[in-house]
């Protein structure tokens, strides 16, 4: 922009003016070219530096010691899997966490908004909307269901209409499992950390498993709403003590007889802080157990010896995806199992909201 | 939709259940004599700092304006620079600053739900208002970015005019990109690539620190490289300052065109006299300028609007949603192999609503294209006006500061013999018109 | 066309543009300020969206991230075997460094009563990597989660982590309640 100093400012002649014009045009052209060139260069550099840099960085530059990795436990030896999937169907429910079989073999599943009953073929037979979230469900002798809600047990008759409400006085009653025998109904109360024994009319008869060091009862450690009770064929109750990674045998009067189980991420033990979340007893007294965190459905003999898997973590891809992402979707969901009359294991996966029917593999010759 | 229903249901559950069903608390153990501690979280220490910032800024602006127009004191500007470098730079750690506030304002105007704090609004508005009245006082010594560069300038090298003109387009590109990404809610580009904030914080990503140090070293020899060739706020201030009511002049009295100040400006903001044309030439010049503008303005606006739209679409992966959309699309095409990028992991985790993600990506694309075109068009106007200014410089009879570029640093004053006389320094005054005599 | 009229016309134009500019800036500022409650904001993590990718530890502009793990004790199970504290297969269930999950040893374990243990975050050691959070979410109750600690955060205009967060879990909350804590009744200062 510097005008030559020996060019008088008030020159009248047209010649230097034209020269100046040419010069400024040239300069303008130079600048225009420069702008275009710089723009191209900037665009190229931007594309190379920023866009690709951001895309090509799927993992942070943190060392492996800063990453929580249990992937080595998420794969199991196929030889240990003793069951095979016969059928799978979607429940269409939101994070179902209650499972029971009816006397007719129908499959009842409960979630936050009620119950659905499915045939073994996966057809929905009945839908029972309920005002409270369902924590547990059990078949009622003679038809109908016992449904566990926070604060009480709802009794439904065979037609699905309400036949009673057994309110529980404790403010934190969370019935996560119900076991029904001819004489009594046993409700595992995860909030109170005891098993409540009710008579068939719903009257509380006894409380089992409360901490009592004189009776050698250390109490149940239930850190989260997963607490399971079942009646075994030997007449003893089996109650999971998830915080201790054990299944404990109690008499119906509340005396602790035996316990088995240990905590381990390895397939023989119960993983995480609080497992098993649920279990079921075969007619021969052996067990099928369910774990959360690492979704595993496993088999133990009547004395607690590990004998194989029904399904390993790799069988629950939706669950694993949620668990590995670590978002709250994986909180308060579980794996639940039931055993039908043919000895098949019915598995409910909360995350996938699916029911699988697992059949024992033919014994190898 | 299913996901929405799920959420509604979850909310209902939480409202209904006495012991909550979701992630809400499950009763902790009944301890015999241990109280479960309450979670204590530390609060921000800096309550009320916003007001202090506004007050300090206002005082600084008034002081800087007085120094450049009345006090005419370079020493004062240096003192002010050090003080604001300490306060806005090292004490407030360079955040929030006026340069970054452009993005808050852009986002605030584009997204009515985004609340722009009062101090940020003040930081954006006050320097611009002052620029309209007294020129770029903010740049002189209030802005910590300007101050740090100005204070380290030891041996200014003149940037060739053509290069200077070309590089001075960069702030507009920076501004355009910054506004585009901020207004779409994507990211604050201007903050992300701010070279000095790492120095103010004495911490930051290595790239940021290296860039900061490199920029400082460059500032030792090139006057205020960030202000001149990158700062988007400087671009705005430059425009506002062209219309300033009062602005710094080299000489306090009459210019004799002694040429003593000619090299005193390290920032290329001192215009030597331009020939004053005759009336006939002025009319011809005005006609040429009009023709050029009538032809050039729409052409440039249209052309750059097209370029802006294309560039905006290219920059979509810088927006988190744009990036996610690209990844989701790539996954749908089967181009992503495990392990999944974290973005996709999170996407699947939160329901993996593909149609919703795609429709929001489409809406985003529309917004990018629209904004990109508008910003590109404005950018085209800027370029056209710039060219017009280069081709038809304003006639100036004396040495004058270029009001758009002058940062009121007060360096040129002491080069003027009349200023020295005013200060009582005995100097020989060159004869009036000595340049030609 | 005299020189004076030319200059005065130019001056008039400048004055007009100056007036428009002042009105524009004033109007923009006034609109933004007057629009709604202009409380200062702070960055925070929505723990329900967080996937513990580890970028909170690496992408904060501070030398050691302002993001730290916090622990809502009211949601904690007080487990003896805490998956946020212990390696997946600890040698022993004790406080030995080889058993601890946290690479910086930033969780303290304290015996309360049989069989319960309390876990506390040693904030000065925590780098915000989220390893324990994943352990807690995967197996436990989700009582541990990441939060921006506001005595450390310098409240960047645009949080550097928010830009790279793959789950878009960062939000700006009012400075008067700058935390998003889990559990009812939490949030004391």
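Going in written order, the chains are labelled A, B and C, and every chain counts its residues from 1.
Keep in mind that, in the parts below, a residue touches a chain if its C-beta (ideal position, glycine included) is under 8 Å from a C-beta of that chain, and two chains touch if they have at least 3 such contacts.
All values derive from a computational prediction rather than experimental measurement.
Interface comparison, A-C versus A-B: the pair with the greater number of contacting C-beta pairs is A-B. Chain C has the Cα centre that lies closest to the mean of all protein Cα atoms in view. Relative to chain A, the most remote chain by averaged C-alpha coordinates is B.
Per-chain CA centroids place chain B at a distance of 26 Å from chain C.
Averaged C-alpha coordinates put the centre of chain A at 27 Å from the centre of chain C. Centre-to-centre spacing of chain A and chain B amounts to 49 Å, using the average Cα coordinate of each chain. Chain contacts: chain C has residues 48-49, 51, 53, 55, 59, 76-78, 116, 141-142, 167 touching two or more partner chains. In chain A, the residues that touch at least two other chains are 54, 59, 221, 223-224, 324-325, 327-328, 331.
Across the assembly, chain B contributes 23, 26, 29, 341-342, 345-346, 349-350 as residues in contact with two or more other chains.
By the touch criterion stated above, chain B contacts chain A in their complex at residues 6, 9-10, 13, 16-19, 21-23, 26-27, 29, 161-163, 165-167, 169-170, 173, 271-276, 278, 281, 311, 314-315, 317-318, 323, 326, 339-342, 345-346, 348-350, 383, 387, 390-391, 393, 397, 435-436.
Chain contact summary for the complex, chain A toward chain B: residues 1-3, 5, 7-12, 17, 24-25, 27-28, 30-32, 34-35, 38-39, 42-43, 46-47, 50-51, 54-55, 58-59, 94, 112-113, 131-133, 150-151, 171-174, 190-191, 193, 221, 223-225, 321-322, 324-325, 327-329, 331-332. Contact residues of chain B toward chain C in the complex are 20, 23-26, 28-29, 31-32, 34, 36-47, 50, 93, 95-97, 100-101, 103-105, 108-109, 112, 115-122, 124-125, 128-129, 132-133, 187-188, 191-192, 197-198, 201, 203-205, 208, 240, 243-245, 279, 282-283, 320-321, 324, 341-343, 345-346, 349-350. Within the complex formed with chain B, the residues of chain C that make contact are 1, 6, 14-15, 17-18, 21-22, 25-26, 28-29, 31-33, 35-42, 48-49, 51, 53, 55, 59, 61-63, 70-78, 112-113, 116, 118, 141-142, 147, 149-158, 160, 163, 165-169, 175, 178-179, 181-184, 186-189. On chain C, the positions that touch chain A within their shared complex are 47-55, 57-59, 76-83, 88-89, 101, 103, 114-116, 127, 129-135, 137-142, 164, 167.
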